[in-house]
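Shared chain: chain A. Partners: chain B in the first complex, chain C in the second.
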Partner chain A sequence: MNAFPFSDYIVVGIFGLAVGTTLAGALIATLSTRIIRGVCGLMISCVGLAGLYYFLNSPFLALMEILIYVGAVCVTIVFGVMLSEPDEPPEIGKRHHAILWGGGAMLVCAAVFATAAHLGVRGNWPVSPVRVNDGSVKAIGTSLLTTYSMAFELISLVLLVAIVGALVVARFGRTKE
Partner chain B sequence: MSFLTLEPIRLLLYLVGVCAFVGANAAYLVLAERKGAGRIQRRPGPNEAGYAGLLQPVADGIKLLAKQIMVPPGTDALLFRAAPLMVMAPSLMCLAVIPFGANLVARDLNIGLLLVFSFGSINVMALMLGGWASRNKFAIISSARVVSQNVAYEIPMLLVVITMLMVTGTMNLNEIIHQQAGWFWNWNVFKVWVNPLMPVTFVIFFICMLAETNRAPFDMAEAESELVAGAFTEYGGMGFGVFFMAEYANIVVGCCLATILFLGGWQSPFGALSGVLGPLWFLLKMYALIFTVIWIRWTFPRTQFYSLLNLSWKILIPLSLFTLVLTGVMIKII
Partner chain C sequence: MNLLHLHEQPAVYLVVAAFLLAVGIYGLIRRRTLIGMLIAGEIIFSAASLNIMAVNRFMAPDPTVGQIFVLFIMALAAAEVSIALSIIIAVYRNYRSIESAGLSELKG
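This part shows the complex of A and B:
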């Protein structure tokens, strides 16, 4: 592998591509006024994130990111938008002191980001950042059903509540007629 | 020669190869489709350009390439242009993990099966965005149909895949093929001692594959007699062409997957001659499946949308759940 000329640069370039895709997608998602474009930005961002996961040697997580966030979450959002939203976003009048609000939000975001980054790099983590297993499907399944079975069961409970809630809402809408 | 064995060069060669394969397939499957349609409807099909119409794809390609890509006013121009690319790119990506022969695979990924499904799921999003960006009522109806159809059929498809995962125990496509070595009764579709319903599982997979690639009798997204051309209504020239190339690429990927999961991939039916001739066996099985797809399209009329959803939710999902449970029980007993 290392015999290939400029292999370091290629690797750095691919990393830069993944980071750039993630950031560009996030910017599109936040800056666009049309909600469909925002969802597209989210999708691009998720694909970039999947690239980063792949870069960090966990292809399973990368593929799951695409399968769930692009294939399911984004599709659901767009579907919801198509069913509900009028095509054109209504014109929003300019808020008073927009720059102040924006600046304040920016400050808060910067503080949160700086704290998270500091914690991530310098924080005293109880579990050291080493690979606990080979990241294969079998290892993930085993740890899901043994060490993290509580979290796994809680997630299924959340899903159950969501399904029941959806049923209740649908019922309500039907009998109201 | 050593230059060719370097990883980046090898990947680049595979990229070119996959693009060429998809392009050639898209071009000649259209011809095969039209020829097949002609045979089934008792007419010759295209037979003017070249010998027996073999140059027809070239003529079609030149015609499509020469047309201007119109972006109608009022559309979301950016998404309108991006949608064909977003349909095409994931299907190219899927072909990276398909093993055409024992050593003929671009990336022998451990979770190749998952990769095909995760990138396959982008297809829905792209078709839907294409329909939405067209700002055409037919296109938007078609996008809504694409989503509900694909969501409905993704469930039985994934259930079938989980069944196969339980049988094979791996997501590595090449490994799955290796397990089906020997005579043809070792292919997963005939492994009735693992699960008596294995042929039914194959049929469910095939039906779901037809629905996922929006092929007739499930081509509700296109439905030219009611929705003009569905999500592609506003597209012309190569924008339209790329959508069709992607559709055929998806059919190729789906048939490849069916071949790998159920029909033994590049294994020969008699236990010998699968080394060098592997790709040949693979292509033979794959094209037989593709022929079946074409055959079904011109034999069955388009279903209604409700019966399409009923088929999935009331028959295929319970049936695939049942095979899943049965396989689990059988594995536990044996």
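This part shows the complex of A and C:
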């Protein structure tokens, strides 16, 4: 059905690359001891996630993910790391406490993962028979400016309040010294 | 399950999102600095976004709704990061540390 014989394999390879990048980035972000490596892991994870969004028929969100997360959020966190301390402090307290906490956290996460993955794989998800539009950028723009215009304006207000609030909080910290 | 059409099955995306959620919760429990916990929170956000997008692509009748919702999640995450970082920097000025265990005093 395709003109190029191996195109299916290439698509699956790129999909596997996106999934692997997402998972590896998340693991780096969580398990590294230096915070700056964690930020880099978050960046890698977001790039992989953008690939997954592309596979989910949404190139618009893939671009937005790279713009907002890799371009803005991660760079802001890097600024935060530069203004505070770069490393995780060494563990204080007894060693077997740390092992106990680590094991407990691992158990909780394994339970969460098993439950959510079981629901995802075995759940009886209904498939919608009709599509009212194609989900293109044009359709997104139309519904952003008609159905969701109020929420859109409120989001811009939230961002403004967040910027002003961030400035106020950081300034009060400075005048106190 | 055909391996060549792996990217057209919702279960794969849902399992990846479940893994991201689990990793994010692990990071939120185990990280000892505020910035590390913030990064873990971002991973939980991306798990939620991926889940919403997978359901939106395969099961929802209107495919724009999920995309707009994820866009709003991204905007709220950006706002949250800016506020959280300013609080973290204010905390670092006062305590000379961003360790979460040292912030147990309420008066300040």
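Structural remarks
The working rule: the second predicted complex is superposed on the first by the 132 of 177 C-alpha atoms of A that agree within 3 Å, B and C clash if a C-alpha of one lies under 4 Å from a C-alpha of the other, contacts with A are read in each partner's own complex, and residues count from 1 in each chain.
One rule holds in what follows: a contact is a pair of C-beta atoms (placed from the backbone, for glycine too) under 8 Å apart; a residue touches a chain by one contact, two chains touch by 3 or more.
It should be emphasised that the depicted structure is a prediction, and the values quoted were computed from it without experimental measurement.
Touching more residues of chain A than its counterpart among chain B and chain C is C. Look at A:10: by the touch rule set out above, it reaches chain B but stays clear of chain C.
In the superposition on chain A, A:96 contacts neither chain B nor chain C. When the two structures are aligned on the shared chain, A:64 is found in touch with chain B and with chain C. Of the two partner chains placed around the shared chain by superposition, chain C is the only one that A:55 touches, whereas chain B remains out of contact. In the superposed model, A:75 lies in contact with chain B only, and not with chain C. Contact with chain B, but none with chain C, is seen for A:40 once the two complexes are overlaid on the shared chain. In the three-chain superposition model, chain A touches both chain B and chain C at residues 60, 64, 72, 79, 83. By the touch rule above, chain C contacts chain A in their complex via residues 3-4, 6-7, 10-27, 29-33, 35-36, 38-40, 42-43, 46, 49-50, 53-65, 67-68, 70-72, 74-83, 85-94, 97-99, 101. Chain A makes touch with chain C in their complex at residues 8-9, 11-12, 15-16, 19, 22-23, 26-27, 29-30, 35, 38-39, 41-42, 45-46, 49, 52-53, 55-58, 60-61, 64-65, 68-69, 72-73, 76-77, 79-81, 83-85, 88-89, 91-92, 101-102, 104-106, 108-110, 112-113, 116-117, 119-121, 125-128, 130-135, 139-140, 143-144, 148, 151, 155, 158-159, 161-163, 165-167, 169-170, 172-174, 176-177.
Chain B makes touch with chain A in their complex at residues 6-9, 76, 78-79, 82, 109-111, 114-115, 117-119, 121-122, 124-125, 128-129, 132, 135, 140, 143-144, 147, 151, 171. Contact residues on chain A toward chain B in their complex (touch as defined above): 1, 3-4, 7, 10, 34, 36-37, 40, 43, 59-60, 63-64, 66-67, 70-72, 74-75, 78-79, 82-83, 87, 136-137.
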